[in-house]
Amino acid sequence: MAEYTLDTALLRECLASGLYYLPQTIQLTLYSLIITLFLGLFCALAIYYKIPALSQFCKIFLTVFRGTPMVLTLLIVSLIYSSNIVKIIEYFRWNITPADINILFLGVLVLSLSFLPASSAAFLGALLSIEKIQFEAGLSIGLTTPQLLRTVIIPQVIPTAMPLLMNLLLSGCKATALVYTIGIVDVMYGALLPCAKYYRYLEGYIAAAIIFWGISIVLNFIINRVSHAVRMEKIDDNTSFNAKDTRNIRPGGRGYAGTRTCEKVIR
Amino acid sequence: MGEFFSLERTIDAFPKLLQSLNVTFEIVIVATCLGLIFGFGLAMIRLFRLPVLYQIASVYISFMRGTPIIIQLYVVYYGLPMLSMNLFGLNINSWDKLFFIITAFVLNEIAFIGEIIRGAILAVPVSQTEAGYSVGLTGLQTFVHIILPQAVRAGLPNFTVDLVSLFQGTSLAFLLGAVDIIGRARMIGTNTAHIFDPYVAAAVIFIIISVLLEFAFGKIQKKGDVVYGRIHS
Amino acid sequence: MLELEHVKKSFGKLEVLKDVSLSVNKGDVVVILGPSGSGKTTLLRCINFLERADEGKMTLADQSVNLHSATRSEVHAARIKTAFVFQNYGLFRNKTALGNVLLGLVSARKIPKAKAIKQAKDTLDWVQLQDKYDCYPSQLSGGQQQRVSIARAVALNPDVILFDEPTSALDPELVCETLEVIKQVADTGITMVVVTHELQFAKDVADHVVFMEDGYVVEEGTANEIFSNPKEERTKKFLSRILPPEYSI
C-alpha cells in the first residue's frame, strides 16, 4: 500500500455510493425472509406431522443447507445458472439475452435456502413446545386440521418462534453482504465501486461496515421495541452482578435472572 | 450433464480437498480458544459493568455482531497493515495471509463467545448464588462451584451453534487467497477445467463435518440432561 | 444470641422495613407472622446480608455490625454463623444431596473432607434421607429437597438457622412431614427464626411469636399470648382472617 492514512474523501464517496444501493439490500433481505418463513413453516409442519416421504425429504434438504456454507451455495448455484441459462433461454424461446436478466432472484433464492434451516428450526421448536392438549381440544370441538392450524396453532407458534426469527432477521441482513460475489448489485457492490478507480479498497470495506453496522443498530432497536410490545422476556442490558444494584432484586428472593431465556446465537 | 458433472471426478476430488482441511481446523481451533479466553474476560467486563471498559466492550460487541464477517475479513486484511504502520512503524504487508484471516475470526469469536458466556451465566438463577452465600461460600467459591458448571450447561447449545457457524464461516477465507477447502477446490477446477465437481465434493465435506459436530455436542448435552435433569427454573 | 435494632430497608420508593427491632435468645424458636408485604422475608434476608439494609444494627453471637456499612469480612462472618432455608429449597442443582451438604462444610468452613462427609451423611440420615445421598435435586420430590436443605443448614452447625416460609412451596401432604423435621431441629435446642404461615406449628414450637405488618413489628409475645389474647387491633384482624374458627377473638 502506498499510503498509510485513511482517505476520508474516498470514504465518504464509498459511503454515498453504498447507501445508494441500500434499497437493493433491503429488497434482498425482505424477499428472502418472506420466502424462507413460508418454506420454514411448511417444512416444520411436514416434519412435525411426520408426513411420509415429505418429512424425510425436508429433513435431508435441511441437512444439506445447514451444512453447506452460504458462499459455497452461491458459487454452485451461480455456476449452474451461468452454464445453463443460455440453454434455458433457447429452450423457452424467450426473446432476451442473459445480460437482460436481473440476477437478484438468484440471490434471493440462495438466501432463502440458506435461511431455511434456521427458520424451520424456529417453527419446529415452537410447534413442539405447544402442548398436545391444544391440538386435542381443537380437534375435539370438530375443527379440521387446517382450521386447527390456522386458528389455534399457528397464532401460538408465531410469538413463540419470534426470538429465533428476530435473530434470523439480524443474521439474514448480514448474510446479504455475500451476494456481491456473484455480481448482484447491493450495498457491498456500491461501496466498492469508487475503489476500483484508485485501487484502494480499505475505505470501501469500512464504508460497507459502517452501513451494515447502522442497519444492525436500527434493526436491534426495532426488534427490542417489538419484543417489549409482545411482552417477551429477553436478556437486556440492565443486569449486573453488583450487589449494590438491588433495584433488580425484589423482596422474596426471586431475582430478575430467574425469568430470562437464553437467545440462540446465529452469526 | 456429463460434461458438467461427473460423479467420478467428484469422488476423485475428495482426498485432495481433505488435504486442505488442516487450514480450516487451524482457523477454527485458534479462533475458538482465544475466543473463549478473551470472551470470558469480555463477559466479565459486561457483567460487572466496569466503568470505561463496559462502554468499549459494548461498542466492540455491537460492531462485531452487527457487521458481516466478510467485511471484517477485508477490513482486517487491508486495515491491520495500515494500523501497524501508524502505531508501530511495522510493515506487515508481507505477512502470511492466514495471519490476517485468523485475526479477523479471533476478533469476531471473542465478541460472539463473550455474549454466549454472558447469557449462560445470566441464565443461572439468582437463587443459586444466594444459596451459595447463605452456606458461607465467598463470591469466588460460589462462582466456581455453583455458577460455572451450570452456566456451561446453559451455554452449550448456543456454543454448538456458534462453533458450527464458525466452521462454515471459514469458507470465506478463500476470498482472501488462503488455500482452504474451497480454495483447493478452485485450484482443482482451474487445473481440470471442471470446477463444479470439486465444489460439490467440498459441500459434502462441509455437510458431513457439520453434522458430526452437531451430533457430538448433542450427545454431550444429552449426558448433561440425564445427570442434572432439565434445567428450567 | 441475635439482636436487631432499628432496621430500615427500602427498595427504591417502596419502604419495606420502616423500623424493626427484634431480640432472640439463645435456644429460642422465634416465629414471625404477618401478611405478605409486611417485610418478614426482607428482615430475614438482611440478617445474612442477602439484602443490604439501609440502616440498623445487628448483634450476632456477641459481635455487632452495622447492617448498612458492614465490611466484606463482617458479612462473611455473619454468613458463617447463620444458615438459611429458602422457600424454594435453594439447593445447588449441579450437586447431589450429599454434595449440597458438603460444599458449605468443606469450602466455606474448611473442615477436612473425611470428617465432613461423615457429618453430612449423619445429618442426611437424621432427616430420613439415607438412601438419597447421590440423588440430584431434579430427582427428588419437593419435600425431599426441602429436607436436604434443612439437613444442609443443620450440618453447618450455625448459631442461628433462618427459615423463610419453608413449607409455602410444598404440596399440602408434604407440609406435615417437613414441619415434623423442623420440629426435630427445634428439639436440638438450636436458635431458630422462622417466617411461616403455619399457625399450628407456631403454637406447638414457638417460644416467641412476632407479628409484623407494613414494615413494623406490631406485637410480640409467647404463642399463647398472641393467639388467645392479642392486644393490638391489627393483630386481631390478621388472626381472624387466617385462624380456624375455634379461635374466636
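When the chains are written out, they are named A, B and C in that same order, and each has its own residue count from 1.
As a convention for this text, contacts are C-beta pairs under 8 Å (C-beta built on N, C-alpha and C of every residue); 3 or more make two chains touch, one makes a residue touch a chain.
Fair warning: this is a prediction, and the values are worked out from it, not measured in the lab.
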item	value
Per Cα centroids, the chain farthest from chain A	C
Innermost chain, where centres are averages of C-alpha coordinates	B
Where chain A and chain C are represented by their mean Cα positions, the distance between them in whole Å	51
Chain A and chain B: spacing of chain centres that average the CA atoms, whole Å	19
Chain B and chain C, separation of their C-alpha mean positions in angstrom	47
Where chain B touches two or more other chains at once, by residue number	127, 130
Interface hub residues of chain A, defined as touching at least two other chains	249, 253
For chain C, residues that touch 2 or more chains besides their own	50, 86, 88
Chain A contact footprint on chain B (complex, rising order)	4, 47-49, 58, 62-63, 65-72, 74-75, 78-79, 81-82, 85-86, 93, 108, 112, 115-116, 118-120, 122-127, 130, 154-155, 157-158, 161-162, 165-166, 168-169, 171-172, 175, 182, 195-196, 199-200, 202-203, 206-211, 233
Parts of chain A lying in touch with chain B, wherever the complex brings them together	1, 4-6, 63-64, 66-73, 75-76, 79-80, 83, 174-175, 177-178, 181, 188, 201-202, 205-206, 208-209, 212-213, 215-217, 220, 235, 237, 239-242, 249, 253-258, 260-267
Chain B - residues contacting chain C, complex	127-128, 130-138, 141, 145-146, 149-150, 153, 227-231
Residues of chain C defined as touching chain B within the complex	48-50, 76, 79-80, 82-84, 86, 88, 90-95, 103-104, 107-109, 136-139, 152, 156
